[in-house]
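Order of writing sets the chain letters: A, B, C and D. Residues in each chain are counted from 1.
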Amino acid sequence: MIAILKQSASDEAVGHIVSWIEKKGLKTDVSRGENETIIGLVGDTTKIDPFLLESMDVVERVQRVSEPFKRANRKFHPEDSVIDCGHGVKIGGDQFQVIAGPCSVEGENLIRIARRVKAAGATMLRGGAYKPRTSPYAYQGMGPAGLDLLCEASAELDMPIVTEIMDPRDVQVFLDKKIDVMQIGARNAQNFPLLKEVGKTKTPILLKRGMSGTVDELLMAAEYIMSEGNDNVILCERGIRTFETRTRNTFDLNAVPVLHHLSHLPVVADPSHATGYTRYVEPMALAATACGANGLEIEVHDDPSHAWSDGAQALTPDQFDDTMHRIRAIREVVCQETVQE
Amino acid sequence: MIAILKQSASDEAVGHIVSWIEKKGLKTDVSRGENETIIGLVGDTTKIDPFLLESMDVVERVQRVSEPFKRANRKFHPEDSVIDCGHGVKIGGDQFQVIAGPCSVEGENLIRIARRVKAAGATMLRGGAYKPRTSPYAYQGMGPAGLDLLCEASAELDMPIVTEIMDPRDVQVFLDKKIDVMQIGARNAQNFPLLKEVGKTKTPILLKRGMSGTVDELLMAAEYIMSEGNDNVILCERGIRTFETRTRNTFDLNAVPVLHHLSHLPVVADPSHATGYTRYVEPMALAATACGANGLEIEVHDDPSHAWSDGAQALTPDQFDDTMHRIRAIREVVCQETVQE
Amino acid sequence: MIAILKQSASDEAVGHIVSWIEKKGLKTDVSRGENETIIGLVGDTTKIDPFLLESMDVVERVQRVSEPFKRANRKFHPEDSVIDCGHGVKIGGDQFQVIAGPCSVEGENLIRIARRVKAAGATMLRGGAYKPRTSPYAYQGMGPAGLDLLCEASAELDMPIVTEIMDPRDVQVFLDKKIDVMQIGARNAQNFPLLKEVGKTKTPILLKRGMSGTVDELLMAAEYIMSEGNDNVILCERGIRTFETRTRNTFDLNAVPVLHHLSHLPVVADPSHATGYTRYVEPMALAATACGANGLEIEVHDDPSHAWSDGAQALTPDQFDDTMHRIRAIREVVCQETVQE
Amino acid sequence: MIAILKQSASDEAVGHIVSWIEKKGLKTDVSRGENETIIGLVGDTTKIDPFLLESMDVVERVQRVSEPFKRANRKFHPEDSVIDCGHGVKIGGDQFQVIAGPCSVEGENLIRIARRVKAAGATMLRGGAYKPRTSPYAYQGMGPAGLDLLCEASAELDMPIVTEIMDPRDVQVFLDKKIDVMQIGARNAQNFPLLKEVGKTKTPILLKRGMSGTVDELLMAAEYIMSEGNDNVILCERGIRTFETRTRNTFDLNAVPVLHHLSHLPVVADPSHATGYTRYVEPMALAATACGANGLEIEVHDDPSHAWSDGAQALTPDQFDDTMHRIRAIREVVCQETVQE
């Protein structure tokens, strides 16, 4: 961290700030140029509130030099992380996976849908047993019975399952049922007790970006999980909130190469939530593949008009077949190109 | 809810949609004009996903007629709610209250600050014992010991306390310690398990708007609490996230009269978080008072440069004295005017 | 347009609104259901301000049924428009084109860069002679001399040029010099006098989306041009402004399939401005191609560190060679797939 | 401007950057600390593109130290600017003015409305003769005939008029008719040819913030006008575009004290456009007054339901009477308080 002082800063004022910083246990590195005085802060700068430092009278600007995320940072871990999701499925680096299934687990149709998405080439099964809904009057999910249906499908098809957890009190149930991947949804992207609790497990976590979450905040949320000991974090871009209303969210695909630049963690993209409409899912799935995502999460339902949630953005199994065909073709180009370089 | 069909919709297609809606337990009210066919949905429309309905082939647009929030809705509760926060302090209607204190409970300075804010005219004491911090490496709060310090201050000064709860597992502790008002922070504005859990108590809840939360989502979060039986909800505007970076957040003061128009619940504004800089707190506190807020939440610290969190936006007790003087003068104008009409 | 009235609306109030609407020259279509009264407005609804209608006492909501853009609307023009940019280059439908060149025309290096981008496969040459700069102290462009350099390059290489126009007073100069495509930049996306003036020509217009422009506003800007008689409009997504700061703008690639759904006009994407950093240009160019853009606009400079503007986002000619190779491979997949269906 | 280099930067790399900067005519001030190397750029940093510098391999971050706006900057002009709008009306410092009138000049009702707003205490008259409308099919304004009506009202009532200019070709007409204050609307906030053209006059300019314009961009737009020689710039906050849809725009009142902090120019607020609904205009007018605006711009119409534009946000003359009464009472508090300090 660097503090740039005002030209008018007196020696006394500089001394005052230096001693304030050093009392916090950091060292300082002062350089007085002709035109500005700069204090470099050396040590654990997480102890310093940059807003506070900037609010001091003689400080003109404060600038972070290093990112506040450490374990998620590519600087300290240059190679891509590859995460083992169970059933032989790995994601990250050159391992690309498609996670598909219904928005909500609804009953027996789960296994029917699961068979279709597996046949089409999906390697992981998604389905929500606990549903975060804007309205308390909307369907809230099947709960533990839904988890059981997922586990049955997983066993029959030998594929890992991904399902959302919303409450730190549910972690034990997810562990007992051996859920392969726990998903943290956009609304819980800064639910720190939940992040810490899943951080105490070794289960892979699919961590979605918050609706107004910056890339840095997503990485800090990953840091919460990793700082508790769980390095198995998969990041997920699922659209952010902007002024545009023609789609449910604004798909920030820039975040895919940005996250790859900043972090070693795998990055998945969710074109279903990021668009909100079936007709836009395929083109945006292809776009996400083309810009280097390590995987996709796509909602599939065999009867979207009767889905219990989010039917408007679900592909039918037939549509999913077609889309997978095209995803594979794009993925092939991306891989070839990487190899050629 | 109204579904407007495409001009091209055949009688058969209309019949198909009507039966789909009626299977969900609603009645329909079809009117075929020369230029459009409109289906009115009568009954519990929370069972219908408007995105799904809109995604159907023959549907042009779907429009809600009534708001999805019921208990928070002024239509069904025209008079202002007044909420009893304990120690004789009520908020809402013409009862205006100022909540003040440090961002974090840090130790013995709490009672010193508390005495000062009470002397200046604050009627409720704030202070965080559990702190949501973007970084896992930042100070996370004193926990239960912090609650105890708040309770001691409350007892000595006979004023209610407001303090943040982040984890549904902590509700019992807050109840045991008889915390007067539980605050739900911006990051938990859609933490539905937490909202439900505090909804099962009768403790007043100060509910902050999420960083990217719409006014409607804030009211739906209130609805989560109220639908569990707790009607004591105080709404709080604390700034939203936009592209502007000169302030920490963008203070959406429009939300104050909008919330009064839509809901009977009291509305408080937080100029400290909404600006992020001490120098802007007073003018924005006055603005919030002038546009009709039922109260303010303001951070005060007796040594901001050593505050453990958010010192950049804290007023000193002396600054707070001045600010309270001006808030009262503005409030007097607002009240007079209301009376004169 | 549909006006949904409040349940409490009296017959008299309904009559009052109906006569107000009819005085504006529209017909009405009133249907009184048990639960709501709906007035359909038939005729030229551009004469009605929906905000004003909604502000009336007995009106609950107003909903547009048809889009306010007519000439740009796919409903009235189902086939894709293909626009002839001169020199035998057409864009739209299955005609895909890459526009490349430096941000600013700077001098003799233009022709060197132009030769390289043509050799790499670009079919149109870009370069700014008039530059919109946030600071009045920044380089403002070469002006007419820059246009001359572009024309020389165009003649030598037999390729159309695209260059920005900012001032309605410059249209005649652009016509005199026979500029192939006039670009309207993001900052002028609602500069209506300029839109009207270029609408009076027959020159193709590359129309960029405003920084905070919705998809609908982009289409209304196209409508301004088309309503004056110039149907040769190419839409361009170039990133919108959001809270994310790791990239210069947020690339809203969702807009590509959304614009194709709503309009028949060609859609181009600009990954250079949408990301702001060279390292993200290639992945996002591939993404834009994969989701169906009809073309790309990419900044190329042979010495980015000495470029007069926007060097941070320019590819070198060597990087552009590689990127073009990959764009072609992705484009091939997209085309095959379209054919297979 | 400060460039913070990567730890790994070699002496050679540092030398390379230093010489690159010096070739641009700036001096450098290099300080190599143990943990980072910092280059201070001394001189006219407007010649340096910070994005480009940051994109260089060995550069970690670039940070502006001084704002890019000079003439608008309070640092170089500590006292408030007071601008003479003619007819004895001054704005800025402790001179507070209310600008009121219809959105559009429509005909003879202008003088009726003008008499009412003057009687209520408004000191400047607004009205649009040239209207920027999203749709080319919407009413575009009366043009020169509207200017004449404004001039007649101005002469009769001896009050300055404020009216929007959209096209640089119209400046001469505005000068010929001796328009007191030319307004630049939000859509033209970065229409640089227009800003330069009005900068060549001495007429006061009411400059509105763009819909997605930052505070810094507003000040840079002012800089465009001032750099041409016209220092008579009045800044106007009129709401920005965010995700919230319950109001037409989000009123960023934080910008009022922020602009006062950064600049000496007067700051006006427009609660009519910032809310979009009559019922929110009064509370937000009071809020803007309370946080220190130097003036307000408010739309008033004697028959809002027949206004040619923006009737939904107009006050009637009776409502305006009441609102002015309250604005004066709030203003009195703000002034007393300032004096007391």
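Assume contacts are C-beta pairs under 8 Å (C-beta built on N, C-alpha and C of every residue); 3 or more make two chains touch, one makes a residue touch a chain.
These figures come from a predicted structure and were not determined experimentally.
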| item | value |
| --- | --- |
| Recurring contact interface, reference C-D, options A-B, A-D or A-C [over half identical by residue number] | A-B |
| Which of B-D and B-C has more C-beta pairs touching across its chains | B-D |
| Whole-Å gap between the CA centroids of chain A and chain B | 27 |
| Averaged-CA centre spacing for the pair chain D and chain B, given as whole angstrom | 31 |
| Separation of chain B from chain C, taking each centre as the mean of its C-alpha atoms, in whole Å | 39 |
| Where chain A touches two or more other chains at once, by residue number | 212, 240-243, 245 |
| Complex interface listing, chain D residues touching chain A | 2, 4, 29, 31, 33-36, 38, 40, 42, 60-61, 63-65, 241-243, 245 |
| Complex interface listing, chain A residues touching chain B | 20, 44, 46, 49, 51-52, 54-56, 68, 132-138, 166-169, 187-188, 190-193, 196, 210-212, 217, 220, 223-224, 227-228, 240-241, 248, 276-278, 304-305, 307, 309-313 |
| Residues of chain B touching chain D in the complex | 212, 214-216, 240, 242-247, 250-258, 261-262, 274-275, 279-280, 283-284, 286-292, 322, 325-326, 329-330, 333-334, 336-337, 341 |
